[in-house]
């Protein structure tokens, strides 16, 4: 039994590599950060096409669409007791940009650099923060980006106590590490919970932040316990060793939902699972082959078994819930049609191919299923399993034939996916912008142009229509076979009240949860 | 005709000992170096981009390039190795990418967990295995012998992870006799401060018996499983050593003295069998330290085996190397220790 | 002096084999083999082990005939996770709707492949390293043993893990990795045996015949080491199977859809609570086969290596 | 030099232990020379040093006037000098038939017509063809020692080193083997160097003998001198008394 | 002379897979407080006879006898415990090779005390004193030092003396010595024999002395039994050895080379099947 004032979640938190919001870019970290740090604005979980204020009381956009002015709520305090001022916000932006870690691009794409950030993101008084962008982007785009965890507000005073001096060099122009080393495991936020401890592959412990300005959490403590296996999570849940199981697989979901003491909840997430075909491969390059492959997935069977309850068949690159998502699933398993297409492509007897597959579920199962359906059309597919990092390394080096992967949006805006699936400014091996299109050696300049245009469309409805158009074209012609969109499921003990999963990974809030 | 030879001259014993020690140290150092070299080069040819492990998949290209240079991954292998060795000689094992802690800190946490598990396992194995082996040898060919033999053989033949899974289902899921995988219930993590890292000892020492009970419920299943495996080995070796000793002439002499069977077996035969048995138990202990890799995986035991496996899968080479060095040290240490024990137990090798 | 036995005209085959004065090389060799065989068969458990292994060989050879289903193609939609005994699926089906029985049958080939290749690779390496090292002594011995020690100082599984991680997962690489980690104990055994043999009078005698070191090692020392090596290798086969299964379990061994038993356990692990058979069946298969090898090895040891068994 | 075997100042050191200290011995061609002494006195070591099986640290060994260096011996040497070991149970390869055992030296030296030679050698030591395909464990101690002798003889050496060839055998069997050795020596005009701890055996077999103790020769004398009790060293005298058996007090 | 031991038609056999090995095939003799030598070639069953009397035949061996009687105790019928209490206390045995028959990991003193404390209720200190006295009695010069030594630290001769001390400390009435000196150097052999000789006569024990050396036995014992293939072929007084009747005994006597006796070739035994019948 878990203590009454503590929530224990079983969760596969093995992706966490840092707790610094300026550096972290992992899904599990996003959940922890969103529960322990505050932002200027947050996604409105009741209507995901909108944002609402968090630290910001209100905001306005200038007519030229370049300047965003935020007014902060008053009397706010960090967990440390330090007051939250616009200066902290500005410094958090500056810090993220100058650190220049993985998620920094979410901010720098608005034209911020280390040299100009102090000017472009600054506090004009204690309560006013002004943010200037370089182009008249769609405001929904800018605000959506500001809901990303990289924009979390850190306690400047506290962090400055922990900075480590470094000697500037060609790579790194600044004389300190902005507290990065300390913040990897430390905490300087103002969210509903304080981060008490993170031990890699073991545990994350959150404790109630009594200085939190919003609704006080009901529980004293939230513990994320590292558990990888679904069956283990289920066991522990049934035994009452954990309150919530976060990574259940279909069979275990069934069992949990049948158990009188337990319940399940779910929410669609922005993660898309796809199979991509590398255009470096002569066969896979052919449009007919690409289309044939889209007919060689047994979507129905997969939907009814392997991803039952944890995903929904989805064949476009924008996940449901995001602006402009297209909900069309035209492809079905059709071996005859596929054979026809293969014949047209000049490979009527099929060919041999490899696929790199992470050895986790459900991708392994899907890969095995595809192996069988492809075989029906004469395509011999060999599975090369590997640890996640290993297959990714290969993927990023473009040495794969086929790859089964998942893609979660970097921030909750259609541009994130549109950019990575269509953009490819330099298709040479030396290309530095390693979008998914680049990784599969595929160029679609027309679609890319359309996506860029949508970015500057300030009317949200029109913007949505533009993205739908791109997706339609993409469906017909691309080396990506989209399979499903993830649904996040959790099983919990019925003693847990008010537990809800949000629409994205940084909206799974634990603050409202109570236990009886 | 063969007779006892004159005792060899004693002079030069101290010199010989120093020489033996020197040879041992030299061997240990070269073994270490080889160990390091092999692991290092394996680590560097692992088809995982180490930078990926540090940054994750979605890092922009320029960040990746920068980090790669910062970490020295663009240097030739031998240069990286040189830098690494230099670091180690100055006592720096580097930081783990995965946990961001210094590797030594991680190991200090993980190592006691493994040692506690393996120690308890060996204890179980030895306390049950030795009497069983003796019994089998004394009752050679009897039903008891066959049973011990089959029990041992099954121990040799069953996949440990499979047995672990099955027993977890039975003893945890069905019977609820034991606690969930892990070392200690999460709630105690905050009321209990380990000192040595051996939770059983620590909790008993501090008189926290509820913690002790909880820790016990966690460790007992994996330890029993490991114990079973060492039991298989130990009972088998005990049997064979005992049979060997029981066929010796001094056993006949002991019986001729009118000693009871119990004394002959436990006082003479086992005392002699104990000499090689120490080595066997030490070996099985070392074996459990490594055998715990799979057990630790199944039981989420935060020990060194799990640490190395995790690190390896993430190309976290500092951690892998650190862990390997520790295990290597323990192996070498155990060998030395069993050698010393052998010497103390066997007067024939004792220097007087 | 023994009184010469008058050769009886109607000597039974058994008598011919057991004759204490064989008339030809073949008779001597056969006689010796027969004695060993009788010693071996006297151990009932060993015979059981032999039967298991022979059974394994037969199953592997006739997998096509025995299996009822395709081992790699399943019916995801209709036949997923069926319990044992459901129409035609003797041992049930797995998560891809494949027949577990057929997969086990075909898996025996992989098991044999792993065991066979590892033995073929590592035993000769160990034998050569051990005998050369033991016989040559001096710096050759020191160097070779240092290398052996380095490999022995690693936990075997961790080393295999590291190698597979470096080479990439897959059954070939698993075999290579296991082979790399299995030879050092053989080298140790062969060396120890060589050391005792080296001082023996019969090796001195051969030396006195003027034989070269190579000849002594190959023709006189190695044959002596071989029987204990065979015993050890047979006993190790169980260990090899378990290691391979362990690698498969960690996802580093055979790749899907290959019906490798360890990998099957790994994939069945997710269903252990509700569909226990998916993980249990391959586990039992591993248990039976490695038990078979252990029993066989035990029997061989008693027959070939009486001093080891404590007689 | 004319001696079959001349040993000067021979020393053997096993890691720091001096097993032989400056031993001088000369054995004439066709002579039978005996070595006696208690266990550990270095008798076997002396023979092994000659055969190149012990680490020689000083001194010289000449065979038929030809100097031998260190422990290296040529192939030709082994056609001239052969040895029979003390323990008949340890000197035959346990996995080889007698046939194979006897074939080995022939194969090494490239001697043709193996079949005939093996048959003859077995005959010579009084073992019929029936023993040819047996394994050592199928033989008694005396028979094994005969095989060992046959093996030594098959390359037709001129010097035979005998390291207590009968001490592991029963008295009755010992007599057979000793008779066989005498017979062979006579037939082949061999030079013998024979070690034993039994003075009776040595005087029976040898013309001259040396008494060893602690790695050194304490006395050299002829068998007649010994039989007459003309001994110098106390140690030799003790040996003689002991060999007479127990005298009741 | 009172009879200490009566052996009548003693048989020892070992059933094996290939048939029954008859190690001893009907041996009969009686023994008083005298020295009886048993000789015979290797494998003739000397040791098996001795061990059967001690009750040390391995479990799978079968011992039968019409009579096996030790000072009024029927050994065949006696319980295992009773026989155990006899061993070491009233019947003792010395084995051939001290190198193998002393426990290598126990100090010599402890092994001697162990015998004593098994059979008598004595304190540690007293046991030690008596062990030291016994060590002195077997002519060990520095008993205190030797008491704490381990078997590998003493020479063969000293080890055999320790063995004798260990076996005689409880004051047995019958001593069986199974080739007690054949592992020793000739010069040491005599010392050990002399000690045994003295102790046996001082304490008035019966002695069975097993050896393969006919000449040694006849010079040491009063009476000699000659065994061949598990049977007694001849029994005679030591003094009558020269008048031995049986060709086997004669052969054994003759075939040993002797200093100063020129016999080329040596006479050899011509074994006849009827000896073993």
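Each chain gets a letter, A, B, C, D and E, in the order it is written, and its residues are counted from 1.
The rule is short, and it goes like this: a contact is a pair of C-beta atoms (placed from the backbone, for glycine too) under 8 Å apart; a residue touches a chain by one contact, two chains touch by 3 or more.
Keep in mind that this is a model prediction, so the values were computed, not measured.
Asker: Enter the minimum step count from chain A to chain E; a value of 1 means the two chains touch.
Answerer: Counted as steps through touching chains, the separation is 2.
Asker: Please indicate the chain closest to the centre of the assembly, with centres calculated from CA atoms only.
Answerer: Located nearest the centre of all protein C-alpha atoms is chain B.
Asker: Could you see whether A-B or A-C has the larger number of C-beta contact pairs?
Answerer: A-B
Asker: Whole-Å distance, chain B centre to chain C centre, using C-alpha means?
Answerer: Measuring from centre to centre gives 25 Å for this pair.
Asker: Just the number, please: Cα centre separation of chain B and chain D in whole Å.
Answerer: 52
Asker: State, to the nearest whole Å, the distance from the C-alpha centre of chain C to the C-alpha centre of chain D.
Answerer: Averaging C-alpha atoms per chain gives centres 45 Å apart.
Asker: Quick one: chain D and chain E, Cα centre-to-centre, how many Å?
Answerer: Averaging C-alpha atoms per chain gives centres 33 Å apart.
Asker: Could you tell me which residues belong to chain B and also touch two or more other chains?
Answerer: In chain B, the residues touching two or more other chains are 1-3, 6, 46-48, 173, 313.
Asker: Would you give the residues of chain C that are in contact with at least 2 other chains, written as numbers and ranges?
Answerer: 165, 168, 269, 272-273
Asker: Among the residues of chain E, which are close enough to touch at least two other chains?
Answerer: Answer for chain E, listing residues that touch two or more other chains: 185.
Asker: Which positions of chain A touch chain C when the two form their complex?
Answerer: 229-231, 234-235, 249, 251-252, 255, 298, 300-302, 304-306, 357, 359, 361, 364-365, 367-369, 371-372, 375, 382-387, 390
Asker: Any idea which chain A residues touch chain B in the complex?
Answerer: Chain A residues touching chain B: 2-3, 6, 8, 14-15, 17-18, 25-26, 100-105, 171-172, 184-185, 199-203, 205, 223, 225-227, 232, 235-236, 238-239, 241, 386-387, 389-390, 392-394, 396, 410, 432-434.
Asker: Which residues, counting only chain E, touch chain D once they are in their complex?
Answerer: Of all residues in chain E, those touching chain D are 41-42, 185-187, 189-190, 193-194, 197-198, 212-216, 218-220, 251-252, 255-260, 263-269.
Asker: Touching residues of chain C toward chain D in the complex: what are they?
Answerer: Going by the criterion above, the answer is residues 2, 4, 20-25, 27-28, 32, 200-202, 204-211, 215, 219-220, 223-224.
Asker: Please output the residues of chain B touching chain C within their complex, sorted ascending.
Answerer: 27, 30-31, 34-35, 38-39, 42-43, 45-48, 137, 146, 149-150, 153-154, 156-163, 165-166, 169, 173, 239-244, 247, 289-291, 293-294, 297, 305, 308-309, 312-313, 320, 324, 327-328, 331-332
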